[in-house]
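Look at the two complexes coming up: chain A is in both, with chain B in one and chain C in the other.
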Partner chain A sequence: MIKLENISFDHCIKCTVCTIYCPVARATHHFPGPKQSGPDTERLRIKNPELLDDSLKYCTNCKRCEIACPSNVKIADIIQSSKWRYFKNVFRVRDFFLARTDLMGSVATRVSYLVNFFIKLFPVKFFLDRFMKIPSERRFPKYAQGTFLSWYNKHRKEQEAFAEKAVYFHGCYVNYNNHDLGKDVLTVLNAINVGVIVTDEKCCGVPLIANGYIDKARKNALFNIHSLEKSASAIGARIVSASSSCSFALKHEYPNLLEIDNSAILDDLDYITRFIHERFENGNVPAMKPVPVRAAYHSPCHLERMGGVMNTIEVLKKIPGLDLTILHSECCGIAGTYGFKKEYYKVAQKVGAELFKRIERVNPEIVITDCETCKWQIEMSTPYRVEHPVTVLARAIDGKKL
Partner chain B sequence: MRYDCVIIGGGLSGITCGIRLAEKGASCAVISTGMSALHFSSGSIDLFGHEGEGKTVFRPFEFLDDFIGSNPLHPYARCGSSQIREALFYFRDQLGREDIDLYNNDDANHFHVTTLGTLKPTFFSQRSVFNEKIRQAFEKKSKIAALNFEGYRDFYPELAVINLKRNILFRNIEIISGKILYPDYGDPRRNPFEYRSIDIARIFDTERYLEDLAAQIRAAAGDAAFAAMPAFLGITNFKRHHQLLQQLTGLLIYEIPTLPPSILGMRIDNALKSRFAALGGVYIAGDTVKSGTISGGRLESVYTENGGASALGAGNFVLASGSFFSGGLVSEFSRVREPVFGLRVHSDAERSRWYAPEFFPRDGHPFLEYGVETDERLNPLTDDGQRIANLYCIGALLPHYNPIREGSGGGVAVSTGYRAAELILAGN
Partner chain C sequence: MRLMKRIETEAIVIGGGATGAGTLRDLTLRGVRAVLIEKSDMASGTTGRNHGLLHSGARYAVNDLESARECIRENKILKKIARHCIEDTGGLFVTLPEDDPSYHGKLIEHCKYAGIRCEEISVQEALRIEPNLNPNILAALRVPDGTIDPFRLTSANVLDAQERGAIVLTHTGVSGVIREGDRATGVNCRDRRTGEEFEVFGGIIVNASGVWGQELCASAGIALRMFPSKGSMVIIDYRINNVVVNRCRVPSDGDIVVPGDTVSLIGTTSKKVDYDKIDEITVDQDEIATLLESGEKLIPNVSRTRVLRAYCGVRPLIAVSGEMDGREISRGIVLIDHEKRDSVGGFITIAGGKLMTYRLMAEMAADLACAKLNLKKRCRTRTTALPGSERKLDQAKSVKFFTGIPNSVVGSTLYRHGQRIRNILHRDKRNYGLICECEMVTEGEIEYALKKLNAKDIVDLRRRTRIGMGPCQGQLCAYRAAGLFVKYDSATSTESNKMLVDFLEERWKGIKPVLWGDALRSVEFCYWIYQGLFGLGDVKFPEEGEDR
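Entry: the complex of A and B
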């Protein structure tokens, strides 16, 4: 039985514009492009799942096809849901662990020095490459000691004292890898007189969706919606996230891909630079010291799909002294866990090559981007350091060195 | 978020308008739902190709001087002939800055060959489609070879040759057709029949296969002086690849526009966006304007799908949302409406009068002439008759012209886009 709302592929007029803008189709001939993998073959798969074509696994879910589509077809959603609807669920140790960012994080942060040390060793890399199919070239993000949440809990009282508050969905990366970014969020929001409230949360679901753990992703989605709603509605607060992909999942992937009603929180969700920019526009601009740095800004795919790029750019423009070049919109290639898989590693690097070239042409002191996995990819593939826009803003506010 | 000007629609007219405004220092944002109709266009800019009874217009500016007087509602009449000329050459100059050289036959139209092998009068073409050398070789009645990749389904050289031979201009010219083969990537999973223009353009962009392709082209073309190929000779660096291919083959190579996706149109789209960004314009892709707040005869702000409750404010707005295909106009069973602001639309209440009974009627289909009514300043009216003084309507959204019958779509988009920018700049 075909569900009526699932036939957006019928709106496809075969114009092939999506394939033009697909970074994977540009990088490899093995991927026939979103039109063919999505709307074209979806009508066949509905009739007979055996007509499934392996090549759709190349899709990174960057959503650039949906941005390009003049007919409003949810191309990437069609491809993603086909992956878990029709492929036989084969258990792969690697994919299980890549998908469980919070499980891995909560273990690794207890022994982060050991993990960070061992993961760089040749025999470990060799083992991961050979048996886990995680390419030895891939650099891993470092784990932090302890969690952001435990740090935050020591500061909860002072945050609750603010008259205006925002609920902050910190995500796994801040919790397990980069506490400093979470602290920078506090610095910036406190500077515009907003207290930061952290509530219970689970992984947003992006890596689970990418690796086919849809039931688990649904459970996490329900948990997050409930928890965020409870905590935000109690104090009439908005919900912010500083990870573009977490934010995208909460807003778009929950209803469109996981088919979970997120209307209880939808109107309150803001990617952080939109929240900040709105306050800036209302005259709530903190005192800022110059940050005399030459920077290049890279816009992540999921932030583009959400339409949030202009907010980040406008906020960055307010930082005195910052010499900002906006890079032409290109995908960096990593696409979350995609670039951690040996079978896609080469494609991921080829997708990103155009972006890396453009960064090198600008030759900035730092690159700025909103997405943590874009950061890993750019730092691994180019000699440049990558910072989050909120971090740059926090340095303008606290005057410390960037 | 606030800009000097927000432009709704990122096609030919919208970006042309944005470039002119941004060049004069206005902060501009363009919001575009999906990629524009340029991706489905010939990539040539038509000014005016056919008058009534299908008669070819050879000198479009001279023609327009008379035409405007007797057609006061036509979008060209809203611009005036001197501003149409200014707009077109401004457009050519802007594209030139992005390394796309447009050919024009002075003030006269020239003809480009279509996928079906018919000739279409147009005003500007990319130099790989038409140039002086092509014209000279054609006048000398040199032999032409129409070539294609074996298996490429969006161009049939045999069909094009049959149609060209019917044309009186080609009577004494020898035309042959021929095939070349795709380079071998060793990927048995892809069937070459699946390749579209974009896949092939990427083959040329790699530059790796150019020598092999040149050898094949030379062999297939025999003693012809021209090779006519479908327009897929690359997207980035296409100028260099075109030159290289001509050097390697010793032939004049020209491109014939293909079925979508149009590589020729994409090159123009890329160049316009790049120029707009270089002038500081903000291009918001993949978002749709849903509604706006109108008060006291002015549009104050608009709301988008992604933006939700956050408003986009501006001093002036431009509506360049296109015709039916792009969603600028929506047809319901018995009415045509403008979906964002509910503006007053010129159409017919009786559905059976929307279209002619034949598929290719000489006078064109009436629905193509429907659109948003404006006054001479391109300002529209709301449904209850209120004029919106800071909203300008441009491009395919406008009524009282038939881009297909007249061959005027590109020219109307460019000149009304430029006209709106001039009106906005003069108002400030």
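Entry: the complex of A and C
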């Protein structure tokens, strides 16, 4: 228990900046803040694991503390790993299913009409709320019919014909819920003369980590690293993802939290707007039609942690006619599966309240953000539609209505 | 003319270290009225400046069998009467490749003579018990070592005595012993905070002032030679070991790593110092280098950790006859009846010994004191538990009782105050807000220390609660604590500002020798708050009590 390998907590100089930037500590007194839950109490847990506090569970793993930390302490990682290292693993049906986006998706996409219909019914909502502790207020993302992968397989040939190719890690959301986003990725990359290769993949592991299924997350990580490396290195391609959390997991959660060596793919990994921005900078800008829309841009926490927000903004700025307001950086509160749990629902909404207010003040026609769960949260909590930057870009390229 | 204040009592104990506090408690338990006088704070001298090892005696078994026997006997008693001051961690003696392999067998044999349970275990087993141990060790022994918190121990002794009627005067210097003919009858005192002078008279004076006893004896006209030996230690920011790790060799510099609450300590050196320098000793760079180097040999992780601070203490070695120095002088207990030795009645000295044997020393001193007072009362400290240790602690039960208060807070308070936790934390008073976040010290605990544990300033408060002993060394908690002194009417705002400055200056004294890496960054930030934000370096305070 006391064997010490990761000692980043020891670099904390107690400046407390992280706590000031913590959206959860601001929303509830039940969470004492990253400094205390992370480096401070880590010292106590090393001494005696019984000194673990339940309050740790309030952390959303948004990583804003890590951005704020001037001492490079892996605060959120300390909290996450303490959660699964010291808490007794209690099996919860809800957490099991929330964590298994793969399993849920592959079943639900076969009967998506039924699932989408039933999940909105009052008795189902009541059951979920009462017995599964999933708040009845929470809206679920719709399931698509079939998977993105099966659609893609019909188009694989055309994509392989491109001289330059990129390996696309589509993630569960695109595969099971939003095929259109995946198609938009193809539209945009094809427009800059890049073919899209899709390879075997499993859930990146973010929901598994959040719910304490670390072994499964590690297994998925190893699978993904191996599979991506095989397809990317064979053709010297970059690996792109259009989900900021998937991208963050591949890049940072694998080595830091899961302690899995991802050096085989690390240098090839790009979040999609970074990849596009680089091409744009090199003069490879496709012809675009104006998109005369008033939009507000919300930057997701994990993209901020990766330092990728600037790329998205730069890419969006290239779209003619787009009237873009960049929102002050705030957390939306959902934090993946966190906002789907009854015990945290109120906190999640309170965390997001400031963002919702700011969006309303802008009163845009659409909101743009890179993260699918941010999208769910904003669409549920405000009257606005939310789109991915790549989707907006694709509409500028193909001229279809946004 | 103003009449000088006088206190009449039966016994006067001078020195608020473990021995003095233990003697006060022992006497009080026998029904003797007693007054304790301490020039600074309880456990502020040698008692509070060791590595807090609850010796099994194994460390002395080869060289000093008598001490080893005393240790194991007291070890067993303290585990019963001072539960909340002790962690029964167990200890290891490990042989490094460069150590003499024959010492291992010698130690086993001598432990048997001394009655110390000493069990040979495999290297694998040792690494299981202590995963951070150097994997290259050749052999390992298991002994019943543990750790003991000297501050808590002293404070618990004083608290018990006070609750039974004893008077405790801290921050009170003894300026001289009052003699009437061939008897010492009292002492002249001076409250160092208010400057007030007064006298205390009693039938017997127990000199338990350790290395400072030479001066006290001199003021009574008695010649007693002390041989101060300096021991230095460094503290690691967090616990790198679970159990006490000793090096299996003839005791030498830097051969022990002790886990202590949330930190680990590497001890200790032994250096002779001049008697007139005992109040101004500092840790030398070469001592720190030796300690870190040796500590790393036992636990390689030491090289990657942040050193929190370094400190040193003076061993009160006493030479009753002849002169010797350093490790050669016996650390045995010395009890002197000055009536016999120097023809000065009413005055006895208890010195030498170790923190480990404080209770035994107190018993010996109290036995002699009672004999001098013609009282026939038996010692009861062997079996009477200290306040907080009355019952065996159950963390789970306490956590449940205090539902709503974070486990880390309940656990830490319980750890420090044992059964007394219920006098400290109150759900309905909401007094569990954290003042020191590194060590989980609550407002309730500070209020308790101010009202019940004789904490007169923030430095005292640190010894009662561990405030400011974490990685930031008082960077934020010191300010909050200073505010609480005012809130609970323990100081005026000027006084509390002065305390704040004194406290931070005291902390820095211990950090200065280890200022590199993260410790340096931390101090820079701390200094910015101190000077940049509050401008405390330039504040002028009224003269100290002494000069009023």
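Simple rule for what comes next: the second predicted complex is superposed on the first by the 397 of 402 C-alpha atoms of A that agree within 3 Å, B and C clash if a C-alpha of one lies under 4 Å from a C-alpha of the other, contacts with A are read in each partner's own complex, and residues count from 1 in each chain.
Keep this in mind: contacts are C-beta pairs under 8 Å (C-beta built on N, C-alpha and C of every residue); 3 or more make two chains touch, one makes a residue touch a chain.
None of the values given here were measured: they were computed from a predicted structure.
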| item | value |
| --- | --- |
| Chain A as common anchor, with chain B and chain C clashing or fitting | clash |
| Contacts of A:50 with chain B and chain C, given as first, second, both or neither | second |
| First, second, both or neither for A:7, with chain B first and chain C second | second |
| Comparing the two partners chain B and chain C, which touches a greater set of residues in chain A | B |
| Partner chain(s) touched by A:245 [first = chain B, second = chain C, both, neither] | neither |
| Chain B versus chain C as contact partner of A:349, first or second or both or neither | neither |
| First, second, both or neither for A:159, with chain B first and chain C second | neither |
| Touched partner set for A:41, first chain B, second chain C, both or neither | second |
| First (chain B), second (chain C), both or neither touched by A:307 | first |
| Superposed model, chain B segment overlapping chain C, candidates 5-13, 59-67, 185-193 or 239-247 | 185-193 |
| Chain A residues contacted in one complex by chain B, in the other by chain C | 15-16, 32, 36, 55, 71 |
| Chain C residues within the chain A interface of the complex | 131-132, 237-242, 259, 261-262, 301, 304-306, 395, 406-408, 411-412, 434, 437-438, 440, 470-472, 475-476, 518, 521-522, 525 |
| List of chain A residues in touch with chain B within their complex | 15-17, 19-21, 25-26, 29-30, 32-33, 36, 55, 66-72, 267, 274, 277-278, 281, 304-311, 313-314, 326, 328-329 |
| Interface residues, chain B side, partner chain A - complex | 1-2, 29, 33-37, 39-40, 185, 187, 189-190, 194, 196, 198-199, 202, 260-261, 266, 274, 277, 282, 284-287, 304-310, 325-327 |
| Interfacial residue positions of chain A with respect to chain C in the complex | 1-4, 7, 9-16, 32, 35-36, 39-41, 43-44, 46-48, 50-55, 71 |
